[in-house]
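In what comes next, chain A is part of two complexes: it sits with chain B in the first one and with chain C in the second one.
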Partner chain A sequence: MNMKRVYYEDVRFFTSGVVFFWFVALLLFLAAFPFLFKNYYVYVANYIAINVIVAIGLNILVGYTGQISLGHAGFFAIGAYGTLVLMTKAHLPFLVALPLSALVAALFGFLLGLPALRLEGPYLAIATLGFGMTVTQVIGRVGFFGGRQGLHAPELSIGPWNLSTDRDFYYLLITITILLTLAARNIIKTRVGRSFIAIRDADIAAETMGVNLVFYKTLSFALSAFYTGVAGGLYAFVLRYIEPEIFTLLRSIMFLSMVVVGGLGSIMGSVAGACLLSWMDLQLRNILNIPYLGEWLKTLSQSFFSITGVSNIQFILYGLIMILIMLFEPLGIFGIWIRTKKYWKMWPF
Partner chain B sequence: MTFFEIRHLSISFGGLRALNDICFEVQKGEIFAIIGPNGAGKTTLFNCINGIYRPEEGEILFKDQQLERKRPDKVARLGIARTFQNIELFRHMNTMENIMLGRHNHLKTGLFHGAFMWGKRSFAGKEETKHRRRVEEIIDFLDLHAVRNQIVAALPYGVQKVVELARALATEPELLLLDEPCAGMNSEEKQDMIFWIKDIQDLLGITILLIEHDMNMVMDISDRILVINFGRTVTQGSPDMVQKHPEVIRAYLGEDMEVGSHP
Partner chain C sequence: MMKKGFLVFLTVAAMAFGFPFSAAAEEGVTDKEIHIGQWGPQTGPAAAWGSVARGTDAYFKMINADGGINGRQLIHHMFDDAYDPAKTVAGVKELQEGKGMFAWVSGVGTAPGLAVKDYLMNKKIPWVGPSAGSLHWITPPQKYLFAVYPLYEIEAKALVRYAVEKLGKKKIAIVYQNDDYGKNGVQGAAEELARLKMKLVAEVPVQLTDSDLKPHVMQLKTSEADAVLLWTSVKHAVMTIGTSAAMQFAPQFLSTSTCSDFPMMMSISKGLWKGVIAATFAELPDSKSPLMAKYKKDAFDKFAAKDERWGLFYYAGIVFSEPLVEGIKRCGKDLTREKFVSEMEKLKDFQGISGKISYKPFDANDPFSRQGQNQTTLLKCIEGGAAERLTDWMTIQ
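For the complex of A and B:
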């Protein structure tokens, strides 16, 4: 019997052959996706991938480090505008402009992290909220950023490849998403991520064990902002047109709800939460097309739930689903996943 | 050079003088106990040493370095670790990861090396392996095998105390501050803890500052004892000497202990 212990197994990614199998299966599915579904769903997948990146970034801050942010739409905007401005005004190639603008977002994240050293909970929420709203206001008033008119994304080409369709862009986006997801997972499993979790669970103990609170709290903000900035830069090319109205407080709250619905402190949860909520966001409006029921729901919402008389049943359902998930599974979708796994562990016995 | 010394340390909270002119010296390799009734200022003293509180007056010297203006993480870097009276573990991590956090200053993995941990030959992979092996030695030493991969929030109280000790040892300290390591333990766990504390002194050569209410244990393992009450030094010296001090007897047994004095 081999008694020697391989310590790497504690942190290795492929904990078993089954995990490896599913990972390869997922990669194959993602690679084949544009050929299996029509173009609109490729756009949906792009939209979801953007939100996955943001949700992971935000989860590093909220779920792992235990800080809160209601201003991530601000970083999202900095990433989007930064990338477009660097490309159109400074004529930098996309693959330089994107990380550069994400680094600018990270710098702002670092600056926003400084007040976070003294603020907690609701106070920090308000401070970050102020940041997010300020960014949108400033961008909307500066002519250099297109003002209220917004900016158009230039033609995107990397080397010899021209990525002008959703389908082409999909592959770039999915590659970046997978790399960022794996990177986040690795960071969480190693020294930096452990320090984040330690700060969340017992900050004074973490400090007396040698964790520099100032450094790691601001690093968490910067890293989270970096992810969001990358997502923003990519989002500019999913929409091909950006304006200040896209980066509102509502979007910050959307991001936060993805993280919470998915499961705080879980990379898998962030992915699941982002998938579910962005899919619901795009698909729930189709509920009105269901025969009979759709008509009925429409009249119902028009006569009882709406002030303006416009049907808003999709938003009501959206909220309802979120409330139900939180009510029955406070750990979010990740909690459901853990319970399912436990339930099937001994199958078929 | 004295190993560890506190000179005329004072701190107040509002009008309350929590510590008043505390002075003592600790020699390398000894177990130095601090005792006193609840609210005497023992934990406050630890918090001053760690840099959680800034003392108003006085000096804290560790190997000729001044500690009283240093941040807690700097103090930890110099080789001072501690455990807490009310358990301060990272509740959602398992035992292994809790102890790994104690290796924080010894690990060299940064953000980028961490993000690019592609396999066991990568820098981060090697670091993790190397330090997990070190942690496993501590797990061996403190007999924590059974709970190695369990989330600490679910562990029994006594075991959580041991995990805290393990985490402190993982930092490889020269001075270890133990804040009531035996509080709330049953007698078996207490016996184990006493053996470990002695082993830490004898085998690892770590100097220990100990706060404890269990007088039998304190008298048994301490080399020297400091007694404080209302933030002031009552007396200090060897266990035998301290035990006979009239004020210690009064503080611990109360006044008017003459038989038959009650109505």
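For the complex of A and C:
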């Protein structure tokens, strides 16, 4: 029934009318979002979109190519600082500064890809971890980058539009996010993507089949860093202020957990993982405001975890949710999605 | 199964839309309530400063127990931002746009504060007493932002003045963290020494990540300094003293308010902190001042959590909110933000448990129109982490 016979069937975006319907529905929803919700939720959406971009970029590396990185906060920082510095010091417009700094991030990604040719697993994790921490340290010491005081984002205008509110920025950000998501999906369906997957599954076999390991491994790092760099540059304008302490190891781990929870080797999974974890990151503390349950959690926290009972409990819940997902669905949210999809295949038609 | 799903849905809905709007003449003010927001890390790298927000909370509860302000209760909304600016922005926007805060108070940290500064100022929402001594708050001064924390320069000047004039020290050196904070210390010390026709004999920078301070201490030792200012983090201050002791270098150490929580410093340094002089911006925990005793009895004893400590950070939460409360009091029944700002500008030598606080009518060219406290007092750490007060409140310009 559902067998694909030619390549073009595999790369086709709309596999059925149902998919097309939902895609248009999603676009309409995203376009109407700022008018449906309060400004605060637009900020949350922006935060989520940033993480979606990073998660997709990281998934290209981790999920599709089978490498690991604990240093993506470093690329994130390079993107953020690069964009602001190019805009404030070199007076480049945003739409030039953003891809340029993402390219700088990609260059660093390429360089970090070189040791990855020899390193695997935990060794690679440590190498990338070192990279991430070094970037923060270096930026923190250089006065040109504002040192520990950080940098403020300048006014943002593109052509005749002045993007000063969360809502204005939302449209730019969502457009970029959608484009990058589609681009990632397409890359994976090409020769490049298949090479990544071949390397992940068995790199020696891939090499004997003619996949150039040096080229594709470094390319994967560079591509992943590019995505993260773009996200970093955009993040600088979501926060409008950046400083080195924002780009910590904790952030790298957060990125990685989005990819894993979402589902390795799945673009949809990355989107879902990023949405869920960033949402929980910002919103989980409100669990204390729920009647009865909140009171109970507060007391629980006060008796066992912290004297204040303010919020440690949310981190415990956060961890618990992640563990439960991994325990019951090792494929992550993507696995849940596949099963749900099968179940609701033709709904509502 | 169905029932469970419904419950989950309810929970999510409650999380998402759990914030009702409140209608009033001024945002965040009703006949019975005044809503004040505050962020503070309860978790994460800076969790130790979380007690600031809890101190404010107890202080507000005390005021409410005493009948509130002009018949209104202070409703304190504090949230944990884990010292992550992204969460600070999220929380501030959520509370501001959801519940509507009349004003914001304190708020720990330079980075979290800077991330929300423009947002609050563009919306013309008053913000009193950011909990970080930074020039960022007053350069340029903002009409709705009232700084309380004394500038580190002032502390440096006071310490140098005391060391030279009272202790007769001849050679002053400084170890400083290589950032804004440290450089403010160097600048203050240099200016004061220039006034006394002297110079710093050594300026030794420390990086945040340095883990061996022997070279730094060697530099101090070679300069033969007889007094050393410590303008570093708590960790490096303690390390400097420890390394100096090991290298048999024993000048008079002087430090900032950051390191003035003596019981804590004594326990970290295993007793080496004894004899160190530090500047501070508030009364001592065991102060005889009647106001301090009242706060201890009516705020801390009644409302603090069981294992809370009556330490500097805790009642710093009170220090930063005192001017806010005073400003609201002076507005009387008719409380609006504009009126609040104009009442704040009239504060002159207002004193709670810190030095005197004064503001001036807003002047975009005068940072000191929004820098409240310009006083500091010096303490010496004695046996058991107790403090001996060396000076009265010193006013430094």
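Structural remarks
The working rule: the second predicted complex is superposed on the first by the 330 of 349 C-alpha atoms of A that agree within 3 Å, B and C clash if a C-alpha of one lies under 4 Å from a C-alpha of the other, contacts with A are read in each partner's own complex, and residues count from 1 in each chain.
One rule holds in what follows: a residue touches a chain if its C-beta (ideal position, glycine included) is under 8 Å from a C-beta of that chain, and two chains touch if they have at least 3 such contacts.
As the structure is a prediction and not an experimental result, all values here were calculated from the model.
When the two structures are aligned on the shared chain, A:V11 is found in touch with chain B, with no touch to chain C. In the superposed pair of complexes, A:E243 makes contact with chain C only, with no contact to chain B. With both structures placed on the common chain, the touch criterion links A:G193 to chain B but leaves chain C unconnected. Contact with chain B, but none with chain C, is seen for A:L219 once the two complexes are overlaid on the shared chain.
When both complexes are overlaid on chain A, the residue A:Q149 reaches chain C alone and has no touch with chain B.
Of the two partner chains, chain B is the only one touched by A:A206; chain C is not.
Of the two partner chains, chain C is the only one touched by A:R285; chain B is not. In the superposition on chain A, A:Y43 makes contact with chain C only, not with chain B. The residues of chain A shared by its contacts with chain B and with chain C come to none at all. Across the complex, chain C is touched by residues 38-40, 43-44, 47, 137, 140-141, 147-150, 152, 166, 238-241, 243, 245-246, 281-283, 285-287, 289-291, 293, 302, 306-312, 314-315 of chain A.
Contacts from chain C toward chain A in the complex involve residues 11, 14-16, 18, 42-43, 50, 54, 78-80, 83-87, 89-91, 93-94, 96-98, 110-111, 114-115, 118, 136, 178-180, 207-209, 305-308.
Chain A contributes residues 5-8, 10-12, 183-184, 186-187, 189-195, 197-198, 200-202, 204-213, 219, 223, 265 to its touches with chain B in the complex.
The part of chain B that touches chain A in the complex is made up of residues 50, 52, 71-73, 75-77, 81-82, 84, 88-93, 96-97, 100-102, 104-105, 107, 109-111, 113-117, 120, 124-125, 127-129, 132-133, 136, 167-168, 171.
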